[in-house]
Amino acid sequence: MRARAHLRVERDGAGRHVVRELRSAAPLTLLPARTNGTALVHLVSSAATPLGGDDLALTVEVGPHAELTLVGVAATVALPGPHGAPSRSSVRLTLAPGASVAYLPEPTVVTGRACHESVLVAELAGNATLRAREVLVLGRVGERPGTLTTAVTASRDARPLVRQHLRVGDRELDASVASLAGKRVLATELYLDGSTPAAASGEWWSCTPLAAGGTLTTALADDAVTAVRRLGLAAAARG
Amino acid sequence: MSVLALMLADSRFPGGGHAHSGGLEEAAARGLVRTEADLPAFLSGRLRTAGVLAAVFAAAAAHSAAGRVDNWSTLDEELDARTPSSAQRSASRAQGRATARAAAAMAVPSVDNVCGSTLRVLLAATPRPHHAIVLGAVIASPPDAALVAAYLSVSGPASASVRLLGLDPLRVNGSLAALEPLLRSVAADAAASAALDPAALPAPGAPALDLLAEEHDRHHREEVRLFAS
Amino acid sequence: MSFDPTAAEPDRHAAPPAAGRPLRIGVGGPVGSGKTALVAALCRALADLELAVVTNDIYTTEDAEFLRRAGVLDPARIEAVQTGCCPHTAIRDDITANLDAVEALAERFPALRLVIIESGGDNLTAVFSRGLVDHQIFVVDVAGGDKVPRKGGPGVTTADLLVINKTDLAPLVGADLDVMSGDAHRVRGGLPVVLQSLVDTPGAPAVAEWVRARLAAVTTG
């Protein structure tokens, strides 16, 4: 299945953050919600997706000084396709100066025979700010994960802020102290807002300033609840 | 491989490497590495993440040095973006600066035979360069620079394990030797990507290693650590 | 005491510091011999000078902490370096971390005239690299027995100044100071030796004078 969804948010003359364009494409369904402040849009994966062979892309444009919160409502489960074909999902965020986006999808669960590639590209202009969360769960309970590669790329005015690729599902690497240290859940949150907090860390979590401004919080845990709690500690340390 | 490359790979090279454990000290403090049996997994994991990144940037820097391309700030910025941990960035820059200092005293013949000219241009653009980039700038051969960077990513922690945990140096050395095929393939892949646009270079992450580096740094400030990283 | 701090004895490795950088003096010697106590005494005795200290701890940041707590020096003037379990490597084979610390201090305090570098406690063979320090002081104590100077080793024989510390303890440990002093002079071929007790003379006057003479030599030389 190939799907291209699109979302455009702008700030109108009255200072309201409005959804100007919203194009869902099954299985990617975008549901706007009413709020008085930021534009709020739910991202619903309407079928059990992605399946092997799926190619899902969402592009999001946020205009000058517009605010968008994009949340996921169901956990993404990367499932094997009929012929073991890889699946791919990509999200591209383009932020104009002054725009502000919180991208908070639900966890990605990498099931046993999944072969999935997930890409997040964020292009920020001027003083735009982005908060983006990612929670990866290696397999359902008691299950060994298939393979997942993630690529996160963020830039501001065409200069790189973060580029991170990760490979999950290689047993040796997953178990290694270098990559996931045998933990089942990796949770990260990027704050691309020009903040430069003092580094802070604790047992399996950290909050670290990025070189070009912004913060990365990271947590590893054996289960998602603990991972999110640790990520909360890191976020709190961010101040 | 050039003599220069051999010197840079030597554990006795006075570039400050002996004070860096590459995360081994923190891993040991948490009981994640205790004996010789734990070491191979630690080393190969490190090589496949941090080692790949170092090899990739050493090769790209060597490519620039060989072609006299002055893209040092771009490489610096791209490696920064691939090193989200501030502790890892400081460790890399501390070793980079020290390596540059030692290399400056080696009268490095750059491609145009003007001693140290590459190094001068590099240091003018980035006074505290990343370690991998200095290695590439000095060695100026992508395959050699990649192999040296990959090797250093594991030889330092291996040596630290001997000093810190009293592991059997012969077995530790054996574990290093066993990485030979992986070292070769990491270096070959890195050399193959050397000519890419820096923005397109691979960006392998190492979440746990980064966490350990941050924790190491915190312990450093609060209590006792024997290694700088 | 056979040492005249005002005499300008020859320095076998005379290496005047490059113009514009602080003089660097290393303080080495075995564990517990009194290096930190001497550094603290020097900080007090030389308080009129722009000075800073680098410590190399093996197991803890004890030395730096002691100096900070002792309040003899502004904490910003103390840098601790990590030696990766190899104190002698950090002062001799790969002096990177120490050079970085010295440079950081010199950047922080542009008027800095003197940096004292205390090595981690090590064995008798550990000496400072000439690339790191201009002069070095080796501190042994009487509690190790009066055989120590006789045993020699590069620290005892080649240091620019040998300090035999804790002379107040000599009667308690049965150490013969004359033997120690005699042996020390014999193995050192004319290089100066100071016998001192930081309990009896907390200001380490002889060593402080020797340091001042080294500084004077830079200024006039």
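Structure notes:
When the chains are written out, they are named A, B and C in that same order, and each has its own residue count from 1.
Everything that follows uses one rule, which is that a contact is a pair of C-beta atoms (placed from the backbone, for glycine too) under 8 Å apart; a residue touches a chain by one contact, two chains touch by 3 or more.
Keep in mind that what you see is a predicted model, and the values were worked out from it rather than measured.
Chain contact topology: the protein chains form an open path, each linked only to its neighbours in the line.
Comparing per-chain C-alpha centres with the mean over every protein C-alpha atom, the closest match is chain B. The chain pair sharing the most C-beta contacts is A-B.
With chains reduced to the mean position of their C-alpha atoms, the one farthest from chain A is C. Separating the CA-averaged centres of chain A and chain B is a span of 30 Å.
Measuring from the averaged C-alpha position of chain B to that of chain C gives a distance of 34 Å. Once the centre of each chain is set as its mean CA position, chain A and chain C turn out to be 56 Å apart.
Remark: chain B residues 12-21, 94, 97-98, 101-102, 160, 163-164, 220, 223-228 touch chain C in the complex. For chain C in complex with chain B, the touching residues are 58-61, 81-86, 89-90, 93-97, 99-100.
Of all residues in chain B, those touching chain A in their complex are 23, 27, 32-33, 41-42, 44-46, 48-50, 77-78, 80-87, 89, 199, 202-212, 214-215, 217-218. Contact residues on chain A toward chain B in their complex (touch as defined above): 151, 159-167, 172-173, 175-181, 183, 186, 188, 199-206, 208-212, 216, 218, 220.
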